[in-house]
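Chains here go by letter, A, B, C and D, matching the order in which they are written, and residues are numbered from 1 within each.
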Amino acid sequence: MSLADVLAFLESEFPQMHHGGRTFHLEAVGPLSARMRMDHHERHLRPGGTISGPSMMALADLALYAAILAQIGPVGLAVTTNLSFNFLRRPGTTGLVAEARLLKLGRRLAVGEVLITPPASDDLVCHATGTYSIPPGSAVS
Amino acid sequence: MSLADVLAFLESEFPQMHHGGRTFHLEAVGPLSARMRMDHHERHLRPGGTISGPSMMALADLALYAAILAQIGPVGLAVTTNLSFNFLRRPGTTGLVAEARLLKLGRRLAVGEVLITPPASDDLVCHATGTYSIPPGSAVS
Amino acid sequence: MSLADVLAFLESEFPQMHHGGRTFHLEAVGPLSARMRMDHHERHLRPGGTISGPSMMALADLALYAAILAQIGPVGLAVTTNLSFNFLRRPGTTGLVAEARLLKLGRRLAVGEVLITPPASDDLVCHATGTYSIPPGSAVS
Amino acid sequence: MSLADVLAFLESEFPQMHHGGRTFHLEAVGPLSARMRMDHHERHLRPGGTISGPSMMALADLALYAAILAQIGPVGLAVTTNLSFNFLRRPGTTGLVAEARLLKLGRRLAVGEVLITPPASDDLVCHATGTYSIPPGSAVS
């Protein structure tokens, strides 16, 4: 699926990702990869002005989901089975960018990793890995 | 700290947990444990009416955080360093309850696990483990 | 499968688990559970006389594998897809016991957790979770 | 520490890594990185001739440990607190190479990831992340 196709699918199927304010933006999809941006927004904050863990977790999950969607298409929904996060630095008051990369795309399971940094920075704030169950009958392209 | 103390601290320091609607409720704290409830609410939903992964992740993180807070008190904020989730079943359209248990409470690190089920059910929908860095100088009670 | 059946299968299919000395002993299997013991042995040691992480990891993997085997039988081999470990305390110079419990046994995936303690002790030294892919056609009993 | 220094330290402090046959070889250390090779050997095998999970887990742990050692020196031993593995493909009958990279090296915690492939191949067979507790007083260089 193209970036436009994945965007249209997410808009139609995941309107909840925008609950409380439109802050998640899919910026790119590529072979086994996707890039998702999260705006700085009040609802993502923790005490001290830093970005909350759950907001970063949502960002990583969405980025991996988009990367899988771009590869296998909208036939059936991949289901998250495992997510693991290492929080490395406090990000401060900033938006964040998640770069997702699929390490494996099998017939039954997809596994990927995500690097989260501030925009235009190499300072890793979070590293995540995720596993997704692919529904039978999906066309792995 | 007592349940009332932890509740007052969370209200004062984490008002963001109620962004979009008050849905997280700390129900109990005990020795090395805490129970947190999440109401069924539109902002926690995914397509098909199931509860979103990020909402369950926020619930698990809050429950572990409350369990640590009840033990070490409000002197300094514990920092989440690792969270790992296994999503076991789709929960359907329901609230959820997280039972958090600390497996270790050391001077520098606390480690705990969380079992998430629907209320009054033993059907595990998510199992989580988390590691938190304890700031120097905290009074581990 | 009974304990005797699982033992016979492991002896026949996993002779490598005894490489360097017979130290792993399956003690019990039950509904969605198994208990595996590891003897104290030179090949499991780290500097200071403590038990090595990889030996505990092998113990946890074997215990979960035995729990799955007891449920689904020897038709096809379950494949480990994810293992995650929290090391909680140094165990000292002792054997160890792993209690494995399956949290989910689906048609495609099994997920379980393992608690590792010294024998006759409640002092957790390691907590593990694991996910296994179940080959198509297995008879989940 | 140089490669020669790390090698000498491992030989002196971790003779157990060679129990059952000398199969682990540290090939390189660099800024926040290390490469460890594991020979194909009977004691690393699983049914069907594939490499066992515990052998890959030992390899990943050693590679991360060496990367930390090269940075902070031999003053005090880093302690593994968390290891998480995704097993991606069966490696077949081959030696393996682990490339470890530190994502964070703080005063109290180091976090890294490891990519395991067959030699001279990009086919990922395992991805691992690990967290290590740094003892107080270590000279982070």
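The rule is simple: a residue touches a chain if its C-beta (ideal position, glycine included) is under 8 Å from a C-beta of that chain, and two chains touch if they have at least 3 such contacts.
Remember, it's a predicted structure, so these values are computed and weren't measured experimentally.
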Task: Farthest-lying chain, centroid of Cα atoms versus that of subunit B - done: D
TODO: Calculate how many whole Å lie between the centre of subunit B and the centre of subunit C, each centre taken as the average of the chain's C-alpha atoms.
DONE: 29
Task: Whole-Å gap separating subunit B and subunit D, where each centre is the average of the chain's CA atoms - done: 33
Task: Centre distance in Å when subunit C and subunit D are each reduced to the mean of their C-alpha atoms - done: 22
TODO: Among the residues of subunit B, pick out those that touch two or more other chains and give their numbers.
DONE: 81-82, 84, 86, 111, 131
Open item on the list: Can you tell me, using the touch rule above, whether these chains form a line, ring, star, complete graph or other shape?
Closed with: complete
- [ ] Give every residue of subunit A touching subunit B within the complex, in rising order.
- [x] 13-14, 16, 19-20, 42-43, 45-48, 52-54, 57-58, 61, 77, 79-87, 90
Open item on the list: If we count contacts the way the header does, which residues on subunit C are in touch with subunit B in the complex?
Closed with: 84, 86, 88-89, 103-104, 111, 113, 124, 127, 129, 131
Open item on the list: Taking the touch rule as given, give the residues of subunit D at its contact with subunit B in the complex, in rising order.
Closed with: 81-82, 84, 108-109, 111, 131, 133
